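Two complexes are shown next, each including subunit A; its partner changes from subunit B in the first to subunit C in the second.
For the complex of A and B:
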């Protein structure tokens, strides 16, 4: 074996030590300094191991490439429960940077059926905003946060609704007083269906109606809330206690003033905790404390609100009940099987959930609301399952409205082998009798005048820096597919390319 | 923390996923269990009522899961070995049992198929 230190170095250890400290000079070739010097081996790179894995491998070991495992990254603690959802559902109704609009009318008892204000922008009354928030009338994706205060276009359909609400209340002479009007609101995406409901709610609050809303139909059938069967029902019906409790809390929060002024007029033997002479607000609050009784409480509240006279045996004087507004957003979710499963693992049809069934039964014929009111159910296009049966049902409704008889061959029928849901078809059949006809209201684009005031509203709020003239209004109207208000809003809030002003171009 | 069949589950967890922690319960079985006791699919462990916990535990204790199921599987393999079948021999040799090729990709049988198999 060759010694690592040569004789020369051994004899002169101090010199060897200094040399070892020095880095090997790359410029001077090693051969020149010491051709047979074995210390060069010290400076050499360590020999690579032979990449002879084939022979090294054990019998039947895998030949796949071994990758290094990634080190687990330190995770940040997730935000507390409910915070992310709260952030997602946050609604901002005011933007202090936006300009305030002078002279904008508010929606009020006087203005809501004033034909001269048609096509203008009207602010929502500030004192009703809390109530509107309570019934979840505002949706997170609507751009209320662009403007100083929430306001809506007083469209033709809004004006008609205002007049209808006036008539049902009895403030205006008409045959509609105390009647129930049932409508399904449809229309293309962004045509303002949800805002139409919002306007209805605002008007109902102004008229001191009771407002009951289901802001998202999907929540009831998507399997996200507890359910339990009702004993002794055939076919089995299911109750959703937590969802009902939430509904009651919405009702109480939004209609506190009205409900606190009305006393119980019927017998409720099922509710033990209820004292005689308590108000409807107290009644509703029973369901908030205990979700298990939420459904009986809701039923009791419903009979109270629809009562037209006191039950025998109740001493208190009967106070007349106000009309009711019932709204629903996203009807298509309720027209098929739900995500819930029965005990034998078959899916539960949406109509077997008592909550859903109760609200759908309002569409059927007859005076479904004892003291009159408005039932407004809107379809949704942003969150909607495709539902053939509903499409056919709505087509039938439209045909009925145009005067096509069900016996005529032009009357739309589900295609053979299309697997249309018979329960949905029955529902539409039942709601299309002559008495208390269900109506279909289709919203479409704004008119030119409405578009002009909408564009002006953007300009006056400081969002649009252009001269509002016929050309601009026409351009925006066309770009938005004929004044579809959701599209119009997108077009208008888009960052504007700076156009050369006419004045500067000529100068 | 909620005890289901002697196992402690954090309250924030989904009940369906928690049930799937048991050996022998997968997606299908856990969904069916939930349906049987009318529990909605996105239920958290914290939302369970006491009665539901007892019901679930009772149902789970009737089922063949965890060690019972492991023992059953091992017994099945043992039976194959004892009767001297081809499948039993392959189990014992650490080779794939169901006719797969053995030239490559037999990591799993090498790992699992032993004389004294563990589950």
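For the complex of A and C:
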């Protein structure tokens, strides 16, 4: 049994009694004691009543937690107008961290039709990069920024195009000299259609051709630029002065050297400000200064570039004009109604825009370029409206190329009751009325050899840390759907987490 | 067992009563351990005591020393809950120790035996045997089954056979799939709601899914990789062409259905790849499906939010 008083209390009862009368000394440290004593609890200050308990709350009062309202945070200023778009559209052509590849050949007049270089990676000539930028040959998201300098695969199709350009120029003996070759470039997504155009432009610049490009067909029909009807036309045609002015600026910037060396040889009564004896570059610049005359200026420039001899009454000696390369990306946008509206609020067909109509008329039969050249129109798969008429037209083109007669039942025709655009069908009909005029070029995947050199290129640039052997190449080839180069790039730029071992690449 | 037991006791009781009626009857029929000790036999009939011949002298040296002092059950495990089961286990353990020196083979090579299922075994012994204990018994059976066929003693064989299910479930072997006359191997696979059929031919690594390119069907590189994982992990991607038909489900399900189907088709061409493929995880079937929604639930398991009023 526990005694009610401890030994201390029993021994000194008097002291304990006196202390009990005194108030507790605040200075003396209170020692926590076992419940053996009751004195500690007796001397303690009366317990404070707890605030904020629910029992203390008044009735009909809000029970929810009261939170302090957050002060509105000062937001960071949004980037200035146009900054975001500029960032999206920025094209970075080099990466100083990537390794430089020694012994890589450049695309040049000698190499562009060299069959022994087929399947290798060839750099784009550095002195042509500004011109290529001017014609907007590079697109964002093409991963140029992965490598030290822009370079492309010299594929079979590239080699054939190089040879063709050589023949048209007349550097190589052939029947093609001074002829016009018209092609529509198609292929699955990522198969290198735009890069094919880029290679064509590079070769054309090397050969000192005049390069005229429409880098994005959508901009002409999507209602982005101003348009106005041309009086006295029936059906009404529409001109897009600003777009034409931009086109002229691209032409001048990219072909400055060629155009500055050529003098006007035709009469241009419509252009008052044009002095006799001025160069074609001066002519084109008229359109830059005043968008209102851009379209007449472009027409004048076009006649000048396609002239084969001087008009009567022009004193200057006629300088022969170089061949021309005309490229277009995203053909499908031009094969239907545009979003522009006529005065009666009907939609304007894209073929009623003179700009569009001019470029589409180059596909029709005949020597549409006076001094020969190459017309390359590519379809796009990353940004393309579904267009039934174009599909049928391309099918017809492919059938025609395989030798199917238009009268035969196998010849593809638009489905009955399908709303195929008659103007588009007419366009394809007109361009195919004679054999061998408009060609269809379908790009597909790389071959194994080309894939191998592409994979090696990644390895030598320091992007791929694996041994490049047949097995790796075959694996990447299969994963990219049979060497589709855009997919191949996606597969190769993935971090290779599954294989940690670092190995030197075999060149 | 119960019947046997009651019989024993009845016999014993009868023996106890015997001397009262006919004292001359010999008790040699009863087994020695059940025979009651003679010292305890007494008769209450005093009138005939003088007339009846005296009992033969008890020879303590021979019989009584060996006979037990009480009734002993036949099975030593009689007082445990499951004596028959324990008897079986003990018997098997004895066999195992006895023949532990015999040569064995790999478990995968041992003949496949259809042991009793648990419910069948319970019927067989007539006792409620726990799952875990039956598993330990099957373990011993499997160990005995691993003895090389040439060296199996007849005793072991007969014992093992007594634990087999009636009929022979493993008699019908499915014909192994073979490559057809055009060199195609066919494999089917399922995952989630998708099912894929893959025809695999020796070739260059060209792959068509529903007649389209692999890139068209699977936009994500990850899906492409998982679809071809069976070929990739065995480094056969550039050695076969695949013609794939896949139906149902979503993109991921289709890709993984293709994985399984490709692995099965590849096994037809090269059965030796099985361990590699197993390790790569492309042989195991993922049988999970979407769990059904239940009434009263928001989804399969989710309950509606609790509201006070």
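Criterion: the second predicted complex is superposed on the first by the 416 of 507 C-alpha atoms of A that agree within 3 Å, B and C clash if a C-alpha of one lies under 4 Å from a C-alpha of the other, contacts with A are read in each partner's own complex, and residues count from 1 in each chain.
The criterion applied here is as follows: a residue touches a chain if its C-beta (ideal position, glycine included) is under 8 Å from a C-beta of that chain, and two chains touch if they have at least 3 such contacts.
Quick caveat, the model's predicted, so the values are computed rather than measured.
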Inset, instruction - Examine A:475 and indicate which partner it touches, taking first as subunit B and second as subunit C; both and neither are also allowed. - result: second
Inset, instruction - Report for A:272: first if it touches subunit B alone, second if subunit C alone, otherwise both or neither. - result: neither
Inset, instruction - Would you sort A:141 into first (subunit B), second (subunit C), both or neither based on which partner it touches? - result: neither
Inset, instruction - Mind working out whether A:77 is in touch with subunit B, subunit C, both or neither, as first, second, both or neither? - result: neither
Inset, instruction - Classify the contacts of A:315 with the two partner chains as first (subunit B alone), second (subunit C alone), both, or neither. - result: neither
Inset, instruction - Check whether A:339 is in contact with subunit B, with subunit C, with both or with neither, and answer first, second, both or neither. - result: first
Inset, instruction - Could you look at A:188 and tell me whether it touches subunit B, subunit C, both or neither (first, second, both, neither)? - result: second
Inset, instruction - Return first, second, both or neither, reflecting whether A:224 touches subunit B, subunit C, both chains, or no partner chain. - result: first
Legend entry - Residues of subunit A contacting subunit B in one complex and subunit C in the other: none
Inset, instruction - Could you pull out which subunit C residues touch subunit A in their complex? - result: 204-207, 213-216, 221, 224-225, 228, 231-232, 235, 237-238
Legend entry - Touch list for subunit A against partner subunit C, complex: 188-190, 470-471, 473-475, 477-482, 484, 487, 490-491, 494
Legend entry - Complex interface listing, subunit B residues touching subunit A: 12, 31-32, 34-43, 47, 104-107, 110
Legend entry - Residues on subunit A engaged by subunit B in the complex (per definition of touch): 60, 62-64, 81, 223-229, 238, 339-345
